[in-house]
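I have placed the structure first, in the form of structure tokens, so that the comments after it can refer back to it.
We call the chains A, B and C, going by the order they appear; numbering starts again at 1 in every chain.
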Amino acid sequence: MQEDGFNLLTRVGPGTPMGNLFRRFWLPALLSSEMPEPDGTPVRLRLLSEDLVAFRDTDGKVGIVGAYCPHKLAPLFFGRNEQCGIRCVYHGWKFNVHGECVDIPNIIPPDNFPALKEKARITSYPVREAGGIAWVYMGPQERMPELPAMEWLTLPQKHVHTSRWFHRSNWLQAAEGEIDTSHISFLHSVLNVPEDGPDRHRLARDGAPQIEIRDTDYGFVYGARRRFDDRFYWRVTQWMLPMWSAIPGGTDEFIGAGRAWVPIDDYHTTAFAYQYRPERPLSAAEVKEIDAGGQFPPRSTKGATQLPHGYVIDTFLPSANQGNDYLIDRMAQRKESFTGIWGVNEQDRALQECMPSLPGEQPGIVDRRGEHLVKSDLPTMFARRKLTKLVRELAEGKEPVAAMQSEQYGLRAIAKVSSIADFDEFMRVHGEEGKAGVAPGSRGAVAASAVQ
Amino acid sequence: MQEDGFNLLTRVGPGTPMGNLFRRFWLPALLSSEMPEPDGTPVRLRLLSEDLVAFRDTDGKVGIVGAYCPHKLAPLFFGRNEQCGIRCVYHGWKFNVHGECVDIPNIIPPDNFPALKEKARITSYPVREAGGIAWVYMGPQERMPELPAMEWLTLPQKHVHTSRWFHRSNWLQAAEGEIDTSHISFLHSVLNVPEDGPDRHRLARDGAPQIEIRDTDYGFVYGARRRFDDRFYWRVTQWMLPMWSAIPGGTDEFIGAGRAWVPIDDYHTTAFAYQYRPERPLSAAEVKEIDAGGQFPPRSTKGATQLPHGYVIDTFLPSANQGNDYLIDRMAQRKESFTGIWGVNEQDRALQECMPSLPGEQPGIVDRRGEHLVKSDLPTMFARRKLTKLVRELAEGKEPVAAMQSEQYGLRAIAKVSSIADFDEFMRVHGEEGKAGVAPGSRGAVAASAVQ
Amino acid sequence: MQEDGFNLLTRVGPGTPMGNLFRRFWLPALLSSEMPEPDGTPVRLRLLSEDLVAFRDTDGKVGIVGAYCPHKLAPLFFGRNEQCGIRCVYHGWKFNVHGECVDIPNIIPPDNFPALKEKARITSYPVREAGGIAWVYMGPQERMPELPAMEWLTLPQKHVHTSRWFHRSNWLQAAEGEIDTSHISFLHSVLNVPEDGPDRHRLARDGAPQIEIRDTDYGFVYGARRRFDDRFYWRVTQWMLPMWSAIPGGTDEFIGAGRAWVPIDDYHTTAFAYQYRPERPLSAAEVKEIDAGGQFPPRSTKGATQLPHGYVIDTFLPSANQGNDYLIDRMAQRKESFTGIWGVNEQDRALQECMPSLPGEQPGIVDRRGEHLVKSDLPTMFARRKLTKLVRELAEGKEPVAAMQSEQYGLRAIAKVSSIADFDEFMRVHGEEGKAGVAPGSRGAVAASAVQ
């Protein structure tokens, strides 16, 4: 793929082809818990290079609207969130969650007041809350799909853990890390695993998995087969448009997990992770382990970050970052783990955030001209090709099918030890477990298969 | 006004049309108190995008000169301020307050020594001290006007309080806030004002004042009429070229105040405020209240700031700033004041410094393409048109009249409760109070009226 | 010299003419002590605008290689330095000190595995260790010269002190400070030297030395003659390509010293200093004095710095810097020293790092258009002309002679009080002392004279 191709996929601002593709899907925008109460503090966002502000109004409805008052362009973040609207503190103009200007109190209402207020309407995007997340749809109204019917969105709150954090790179190099199965045998591995220890510590030791991919409407599914004693350790991962990936969990009991990479702009990403148990609430110990940062998310502080173009956004800043070398412990690197970096996300970020940047602009987009992809990168290559195709088709007026088929998203990644060597055979036997609600013991309905 | 027009007014560097207009006027440069003693520490400045250094020489004279030694371009800030000149510490070259090179000690004087020294002359601008401020004139020598005959410049030192601080935006969006009377009814208002409380808490509650403007040689004067019980609360403000505004004070006893917005460069401003009592010294309580930061200036620390282009300047950095959300208190916003931000200047800066910036350059200039001006913005529109006209005329060789009529600046803003409804009628009755020295009880001379 | 000429000398990235000249010479890259043990922590470097990483392998050999793994461009700094190579922690690819890819463990070796590994070779530059420094040669293999035969490189370790630090400017304005003899009479002078004190405090008081220059193959040599009582204080300095300068030491007993200015990129420099005694180890007191920072190097902390383009490098950050005005003490400037800045290097950096920068790019390259060179700047002018000539010749295919004559670098600067007034006469009498090994009492071999 030429350099052009990467610009095609990495640039997400208004009017860009990839930005347009993102704008066909519901995107996680922020956690519902960031807006715990009606009329509370607004939250600053930047999504797809647009400056926005989110607020929960008096009725509990969430608005995600343009960040600035259209009068004199004062920031609405400082505004008063009151009586079903956000009121700019400069001159008191007020806007509801739909972006409608509902008050202009610093003039005597002229004859054309309705028209004036209509002109003063601000950008507003539809918002839905599900799975502990406020979702936003930034595309054309008439193309608005349903929320993706992911299993975790349908579960009781206590079954699901959702989180977000700030990822200091372009979205694509982060997302590519999720469909790169071989790296878990290295980056996330520990040293000195005893041969007689539990299987799960040894499952992914084969660093050169065999990979097979099948195209689907929702994206693609791929199977990675690792040698494990005299059998195989299979990991089957769904990559769902525009940038979701399901993460295979336990081989015995299903553990749901996945991540989304939502572009703040071309150089920054807000990442979301979910983990869930379909059958039962997460235990206190499980929640504690997640929040401790060893798995996901990283240990973060909610804070405010000024981006180079001057807009301040509210972020969850990981405490391990480039400024402290991700707290790498070189002694631990020799004795305990492959990296000496604690935390799966810290390991990923250390590499993805420190790749060489495209020259001549702010850091964040990896300069892919130097890369040498190999067989283990088949899913990455497949994803790039598929995105490129969809982006080009959309530019020619062909809407992405996946966006219209939310029911396709009811998927589960599969992790399994098996003696089956062939992927198609494996999927014939185990494929149904990749559909939400069909795990052993499940009582849920079976979603239609998406694997072609 | 098109985008072009805004570039015309926001760009102030050498050779720009607006920069040229600024260079026709005396500008506040720094506080005299920053150079308390002869031969003291130099002060770094940047004005109209020029790097400068100010120093008070052995005789007490202030020089404002180019920041770099013309020999090898070492920064004169580190220089020795001694024996009526500043001496570069790199090779000992020395310059007096006029920018004349008076010593080149690292060579044996050649035959052409006088010519060599003449070639080594550095930029130097005329300086005057008045009102606790060192003023600079950066224009053509032959066009140098008198200092503006502002009332506070003629008063004993103890009658006047002057201050300066760092404003992190282009000068124009800051200056426009000063001629925007309606915002005081919102941005600077407090909540829950009792109906039976003192008038001054209720005077400006009418957020939709009627505004009338009259063009003048010095700029313009505008009157804002607010309903107040069964009478009117009038505020009459003079906007004086190039960017001064007088602030209406008490309705009973005259309180003088005003502000100037001096461009550091296109992205930063050094603001000056004055407050004064013509008849008497400011009381200790008044000074204490001003210095506490509730009115003006903000609570600041004198410190050094590196600008993006590498030059360090001495600034008064407000402690409430974008990095701490101007210390907004959301509980106070609900219960006590419209913003929850403490301090009038903090309230202004929160909005003006956080407006959306023009893309593709460093933050600081608001991208006005999104704004929707309404009737309350008449003075802003008037100021833009007037500045545009003057800038264009100057480019065609027509000098600004105001710069040549310093006596016009002897003006007082007027705040008054009256039953007069018509602005011209109001000015016929009260206009004389807008001239320095004619407040009730005044014994001073009356300056010539500037209102046309 | 026109502006073009300065771009010719200040730009050092790959493909630039001056960058090419630098690439013909061995350059100090880092201190050997930064890699104290085999398989230790890698060190991040940036040299001539190339991002690199240095590591000492299991056998003690030092590799300086490209900073990123060629697979997915993960930073090798986080890599595992083990078993004679650095292994990327993303997918386990491994590289030896020669840049050869010796392991690709995340794929099943294909038939074309040798070719694949050959394609995955990374940039690697030859490294030598001498004088406590790891040297790198970044030029064409077939042009690789010998290490320069500098005296201090041949001495026992305890005779030599080497150091490095971060200099926040382009290399050229730093290097020019080294061949600028007159500045020591000002910038580095102390006040109130008693007339009856030791000679060494008064030697350089004549700030207008007479300067004579002689061209040489290795660069040039210049003599600076200062009046000293009824005799002359001579300082003879060799400037050695591409940017070395020897520093004249004691007049009685020879003290060796010199500095190199190695470009990190166009805006940053890593500086190296050496000091040595040919006849004996440095005393503990001498080492302590050097490390205290009064002479060289500055007091620094080894730390990591993110450069504007996003690459983090390991630097020795001086604690006195632009952010704290180099800890200038204005009272000391009045009473004790010419600058009030403590430390010879701090004095140099205060000026060189704070010169006005070229507009339109990041700070660091002085905008020389404003400079006024005089007779004291003859060596600077000579160096610029010589570099320009060599750079242009190299562009036309003519290799620099100096690079091929490492034995020419066996030079000593000379400091001497003498009644001889003529430079050629002085060199006839004392020139041999400028050759390593011929100081009074020396038993070493005499290097061939390089003075033409």
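The criterion applied here is as follows: contacts are C-beta pairs under 8 Å (C-beta built on N, C-alpha and C of every residue); 3 or more make two chains touch, one makes a residue touch a chain.
These figures come from a predicted structure and were not determined experimentally.
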Chain touch graph shape: choose line, ring, star, complete or other and state it.
complete
For the homomeric pair chain A and chain B, should the interface be classed as same or different, according to whether the shared residue numbers exceed half of all numbers used?
different
Between chain A and chain C, two copies of one chain sequence, what rotation angle (nearest 5 degrees) aligns their Cα atoms?
120
Chain A and chain B, separation of their C-alpha mean positions in angstrom:
48
Which stretch or stretches of chain B touch chain A in the complex?
176, 180, 182-183, 185-187, 207-208, 210, 322-323, 325-326, 328, 330, 333-334, 338-339, 341, 347, 350-351, 354-357, 359, 362-364, 366-368, 370-377
Chain A - residues contacting chain B, complex:
40-41, 51, 67-68, 70-75, 77-78, 80, 82, 89-92, 104-108, 110, 116, 119-120, 304, 306, 309-312
